[in-house]
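Same chain, two partners: subunit A is paired with subunit B first, then with subunit C.
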Partner chain A sequence: MNEAPRKLSLDQWDGRYEQLRRDGLREPAYGGPLRRHVVREKDFRLQQLQFDNSPAALRLWNFLLTENERLHQARAGGEKIVGAMKDLGTVPVMACALPGARAFYPDGAWWTPCLMECSDKLLQQAERMGLDASFCPVRAMLPAFEHGGHFPRPDLLVCSAGAVCDDFSAIAQRLEHLGHSIFWWEIPRRRHPDFGETACPLPGNLAAPKTQVDCVRAELQRVAGALGELAGITLDNDRLAAGIRAANQARQLLDSLRRAVYGAPAAPLPALEMLVAEMLAIHFCSDRPETIAVLGGLLAEAQTRARRGQFVAGAEAARIFWVNPVADLRAMNLLEELGGRICGSDYMFTHALDLIPENLPPLEALARIALADPMAGPTSDRAARIVRECQAGRAEAVVVSRIPGASHCAREGEIILEMVRRKIGIPAIELEIPPVCDALRPSLASRLQALVETARARRPQ
Partner chain B sequence: MICAGIDAGSRSIKAVLFDTERGEVLASGLAAQGVAQERLAAVLFEQLLQEAGLDRPRISGIVATGYGRHAIGFAGTTVTEITCHARGVRRLAPEARTIIEIGGQDSKIIRLEDGGRVRDFAMNDRCAAGTGRFLEMVAARLEMNWEKLAELGRQSRKPALISNICAVFAETEIIGLLADGQPLPDVVAGVQNAIATRVAALAGRLVSPPVYFTGGVALLAGMARALEEVLACPVQVAPRPQFTGALGAALAAAAPNPPGGGRLL
Partner chain C sequence: MDVFLTSPWIPPEWVRAHGLQPRGLGSAENFPPGAQPLSAGICAFAEAAVRFAEARTDGAVIFSTACDQLRRGFDTAILRGQRRAFLFNLPATWQTAAAGRIFRSELERLGEFLCAVGGRAPSPEVLRQEMAQSSRTRERLIESAAASSPRGFAEAVARFHWDGAFWPPPPAAPAKQTPLALVGGPFLAPHWKWLDELEAAGGRIALNATEMGERSLSPVFELEAGADGMRQSSTVGRDSVEPKLDFQGKSQGSTESRPAVTHPVTDAFRANHAFDALVRGYCENIVDVFQRPNTRLYSWLKTRLESRQARGIVLWLFTGCDLWRAEAQTLRETFGLPVLLLEAGAEPGAAPRELNRLQAFAETLR
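This part shows the complex of A and B:
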């Protein structure tokens, strides 16, 4: 069953899957050949990707691509479905602490048009609803809510407001105006404590005034009330503490996986699978126990490969730190094809990778982790973390990718690039990667190839 | 050792034969780009060999660069324009610290360290507003060639203000300005300023002098001056700026470990 790591096309995975089945592959209920996602869900983009050949990667992809199916099954089984919007990683910890409830991430629909190569017409439908290409691709969730066919309509929609990007606010408000009731909670823009103000340490080497933490804690108390009301069970401290412990288990696994892959002299797992794995931190792909199993499988695979000296990108590959997730997943394949590898990442939700403090009252701990969201604070805080992690990961270059229409801060890329150049002096570029635009692949490849060449040329001879 | 560099740009193909022992260019030439890129490049390459009195086996390595580099199958390896322009400029002007390259399809800012190594770079995104394509659009709209365009630009007394955000919008603006009776030289100078401003925005804080200007657009008199104004520093046009990338490719072919890796022939 174990073979040397290599990347497979979808066609090659068909054969590999048959071989794994013959060898006694055991799969979870959502398992099956990758091909079926193209046939049944029209995830056409899979036909253009290169996948890792391990059973652990197969499980990861199947887990990711069956989320809607699993949500519908959960609904049919009587479970309560919570749509946690904008907030990246806090409300799901709370929702998953309730028996019979699961959270998902409707905003994740931004990926759908890319996966389906627009065959679902979500972006066109969003345009007809008044949200054109000048808006963030998250607009794809609007028609997904309206017309169904993707995720089930949640029993409760919870959305953070305040320190969130304008595009998202506009889209979420439009959603509410269309009749989808939203439970709003507010997160203030994080600021550094003033002189004389009581400061609270936050995960990620950050700090905020105690007044801000108190404010978020009170807001999360309201969220806990709404979730408890939905489930018919009080979401008390014991349940929350258990939920935090379970979430930390997933976060610890992800941390170990990132260390095993990004920290290794060569890459035991590909950049693409790592991007998908990191995404699980946000909302557990609506199944926390299974997230733990999937991450555990990937970690075991990475460790086994590293022990055997088997890698998907060699030690000569340029070590790239990647900032922001890409809409077109092919970019991650492309980086490796051109001689790069990922040595660290900031996909916008680094706070969801940090452990939630277990030595604090649960809502206090959750408030602190929510305030540590890089999107809720100044970009300079985010840039400082990126610089630290670049140094720790011995990055040779940085890519800040952008998605057209999506800007959490108009000058975000510039601020990050400037700090990277000033503090560590490595090449750093900003790339715009649209969700679906095949014609731009050559120019994207040129930029990545130039970055890899530059990084390699700077190595001591 | 004699090496060849081929720069398959979006508008033209440039080729250079370089003798590493004598340290000089033996031949260089340019051909219009077309659909059959490899054939066009091969014809140009053969012309240069003939001109230099060489036959193919004398060529130790061929590196292709530029937008169409992957189409040049007879090249030993490919290297990006960033690396090639840096190598080319380092050869011609070792003191250079910044390169501005405006090509037919894109524009680039390359910052160099001591020794000419690339420190950082930036490239424009999809819009044609900061590229030679914009000038071509304007030349076509005004029914004139580049030389005439340059000559007109020099006559301007008060350059028009033209948008640098979008080449398509800018074209509409140009029609409006001409309909309004704006003098043609002022419109042309306005276009040059719009491109320069766009490039300056791309450069951000990457610019440190001395600044060298490469690529075909550098040949257009007035562009360097427009860049100098927006960057507030002297901008020197590299010698034979349209060949800098091809020269850098030839130099890359001569390197013991070519940046793109792989075989050279």
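This part shows the complex of A and C:
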């Protein structure tokens, strides 16, 4: 069953899948050949991607691509569905602490135009609903809600407001106007504690004034009340504490996986699969136990390959730190095709990678993790973490990938790039990746190629 | 010292009570400062605020978190070395006590900042006087709004935001023009001539609901009747749409006490009626697009669009402003009125293309 690591096209995966089946591959209920996602779900983009050839990667992809189907099944089975929006990592921990409830991010619809190569026309529909291309691709969420056919309509919609992206906030407000009631909660813009002010340490080497932590804790108490009411069960401290422990289990696995892959002299797993694996942290792809199993499988694969000295990108590949998720998954393949590899990342939810403190009252711990959101604080805080992780991961270059239309991208790139250049002096570029980047491939490729070459040229001879 | 405010929801009364001069940034001379090269997605207003902060090192600039662009603009200003800048966290939510507590706490912080840049600790009486004064001016401006010349009214409101003074706007010339509403973000002096052009094309702004218009006058204070003649409660031209909230410093449901703060008057002010009225006066009356939900904006608009018999809406925004842009369709659906989207770019003043569109809109509705 085990083969040397390599990347396969979808066509090649057909054969590989048959071989794995013959060899006795055991799969979870959502398993099957990757091809079926193209046939049934019209995920045409898969035909343009290069996948890792391991059974662990197969399980990861099948897990990701069956989320809507699994959500519909859960709804049919009587479970309550919570649509968490924008906070990327906090509310799902709370929702998943309740029996019979599961949470997902409708925000995730931003990848649908990419996966379906815009054949779903979600972006065009969003435009007809008042949200044109000046908004982030997350606008795909709006027609996905209105017209169905993707995820089930949640029983409860919870959205953070305040220090969030304008485009997302505007889209969510439009959604509410269209009749989808939203439970709003405030996440204030995180600031550094003033002189003489009581400070609370936050995950990620951050700090916030106690007043802000108190504020967010009170807001999360309201969220807990709404979730408990939905589930018909009080979301008390015991349940929350158990939920936090389980979330931390997934976060610990992901941390080990990131260390195993990003820290290795060469890459045992590809950048694309690592991006998807990191995404599991924010809401466990609607199934926390399965997330733990999927991450465990990937970690075992990465460790085995590293032990055997088997890699998908060699030691000669330029070590790139990547900032922001890509609207087109193909971009991660492209980086490796051009001689780069990922040695660290900030996909906008580093707070969902950090462990939630277990030595604090649960809501206090969750408030601190929510405030540690890199998008809620000063851009310089985010840049400082990027610099630290670049140093730790021996990054040779940084890519800040802009999300088309995203309000935060207008300014943050300039600040991050300036701090990276000033503090560690490695080459860095900013580039924009649309949901389907084929038309821009030549210019993207030249920019990435130039970065990779520059990074390599700086190596000591 | 001049303290420039990037939002009408940062109380100038509080700045003035500290012995400093609040200035609405949008009313400043030469603002925005000429054409600026803009990176993709950057709002020209936010960029102008950053450049202004860089240049005016003799004053302080107070940014707000009302939008991502200004919030991150503050980050840029700090990175570029501006030390007299402050970021005021305006809560987006408003239906819970948390919003009031945030606003209150931000005012206290702002007070510390103002003292640090040369202000003096205010007395409750001074604050009360400042509130009474600005309240009277706001009322007079609101009372004059419907019958004023659109340009004169825009100038009068800008003047109020600049120095707090009341300059009576000239009355509107009687004419059979199509009444329109101007809704949106900051409408600055270089854009005022559009109002004249619109009138020439047969339209008239009957409701200026921009950030530099009537909407910016919505704060109202409930002070105990005193020698200054402050009324108990104001209703003139205003809506009381929400129940009163607990804006006291103590968190509901929290057993922990607030940390010590260093503002020299905070403790006195915490129990002070004027300060409490200031917090309530803003929190309960902010009318803006960034609030979640933004139903208060729509309630405010509904009353006025009806009473001014507006036949169309001109939605005014700076390129890159997602918050206002996303409202175009909702405005159409909610009010059933035609909506024209007008964008201000990097060039100050009226772009010919946009002016043409405005004229055509007025003609269409005639």
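Just so we're on the same page, the second predicted complex is superposed on the first by the 459 of 461 C-alpha atoms of A that agree within 3 Å, B and C clash if a C-alpha of one lies under 4 Å from a C-alpha of the other, contacts with A are read in each partner's own complex, and residues count from 1 in each chain.
FYI, contacts are C-beta pairs under 8 Å (C-beta built on N, C-alpha and C of every residue); 3 or more make two chains touch, one makes a residue touch a chain.
Just so we're clear, the structure is a prediction, and the values are computed from it rather than from any experiment.
Asker: Are subunit B and subunit C a fit on subunit A, or do they clash, once the structures share the same frame?
Answerer: Aligned through their shared chain, the two binders fit side by side on subunit A.
Asker: Can A:G196 be said to touch subunit B (first), subunit C (second), both, or neither?
Answerer: It touches subunit C, and subunit B stays clear.
Asker: In this superposition, which partner touches a larger number of subunit A residues, subunit B or subunit C?
Answerer: Result: the larger residue contact count on subunit A belongs to C.
Asker: Roughly how many degrees, to the nearest 10, is the angle at subunit A when you join its Cα centre to the Cα centres of subunit B and subunit C?
Answerer: Apex at subunit A; the opening toward subunit B and subunit C is 80 degrees.
Asker: Taking the superposition as given, does A:D214 touch the first partner, subunit B, the second, subunit C, both, or neither?
Answerer: After superposing on A, A:D214 lies in contact with subunit C but is clear of subunit B.
Asker: If you stack the two complexes on chain A, which partner ends up touching A:R447: first (subunit B), second (subunit C), both, or neither?
Answerer: It touches subunit B, and subunit C stays clear.
Asker: Touching A:I171, do we find subunit B (first), subunit C (second), both, or neither?
Answerer: Second partner only.
Asker: Examine A:E418 and indicate which partner it touches, taking first as subunit B and second as subunit C; both and neither are also allowed.
Answerer: both
Asker: Taking the superposition as given, does A:D43 touch the first partner, subunit B, the second, subunit C, both, or neither?
Answerer: Touch status of A:D43: no partner.
Asker: After lining up the shared chain so the two structures overlap, which partner does A:E186 touch, if you call subunit B first and subunit C second: first, second, both or neither?
Answerer: After superposing on A, A:E186 lies in contact with subunit C but is clear of subunit B.
Asker: Does the superposition put A:D107 against subunit B (first), subunit C (second), both, or neither?
Answerer: Neither partner.
Asker: Between subunit B and subunit C, whom does A:P427 touch in the aligned arrangement: first, second, both, or neither?
Answerer: first
Asker: By how many Å are the closest C-alpha atoms of subunit B and subunit C apart after the superposition?
Answerer: Taking the overlay as described at the top, subunit B lies 7 Å from subunit C at its nearest C-alpha.
Asker: Both subunit B and subunit C touch subunit A; at which residues?
Answerer: The overlap between the subunit B and subunit C interfaces on subunit A comprises residues 414, 418, 432.
Asker: For the complex, give me every residue of subunit A touching subunit B.
Answerer: 339, 414, 418, 421, 425, 427-430, 432, 440, 442-443, 446-447, 449-450, 453-454, 456-458
Asker: Provide the residue numbers of subunit C that touch subunit A in the complex, in ascending order.
Answerer: 39-43, 65, 67-69, 71-73, 75-76, 78-79, 87, 89, 91-93, 95-96, 98-99, 101-102, 105, 109, 112, 251-254, 256, 258-262, 290, 292-294, 320-323, 325-330, 333-334
Asker: Please give the residue numbers of subunit A that touch subunit C in the complex, ascending.
Answerer: Those residues of subunit A that touch subunit C are 129-131, 134-135, 159, 161-167, 169-174, 176-177, 182, 184-186, 188-189, 191, 194-198, 209-211, 214-215, 217-219, 221-222, 378-380, 402, 405-412, 414-415, 418, 432.
Asker: Using the touch definition from the top, list the residues of subunit B that touch subunit A in their complex.
Answerer: 67, 79-83, 106, 117-123, 125-126, 204-205, 259-261
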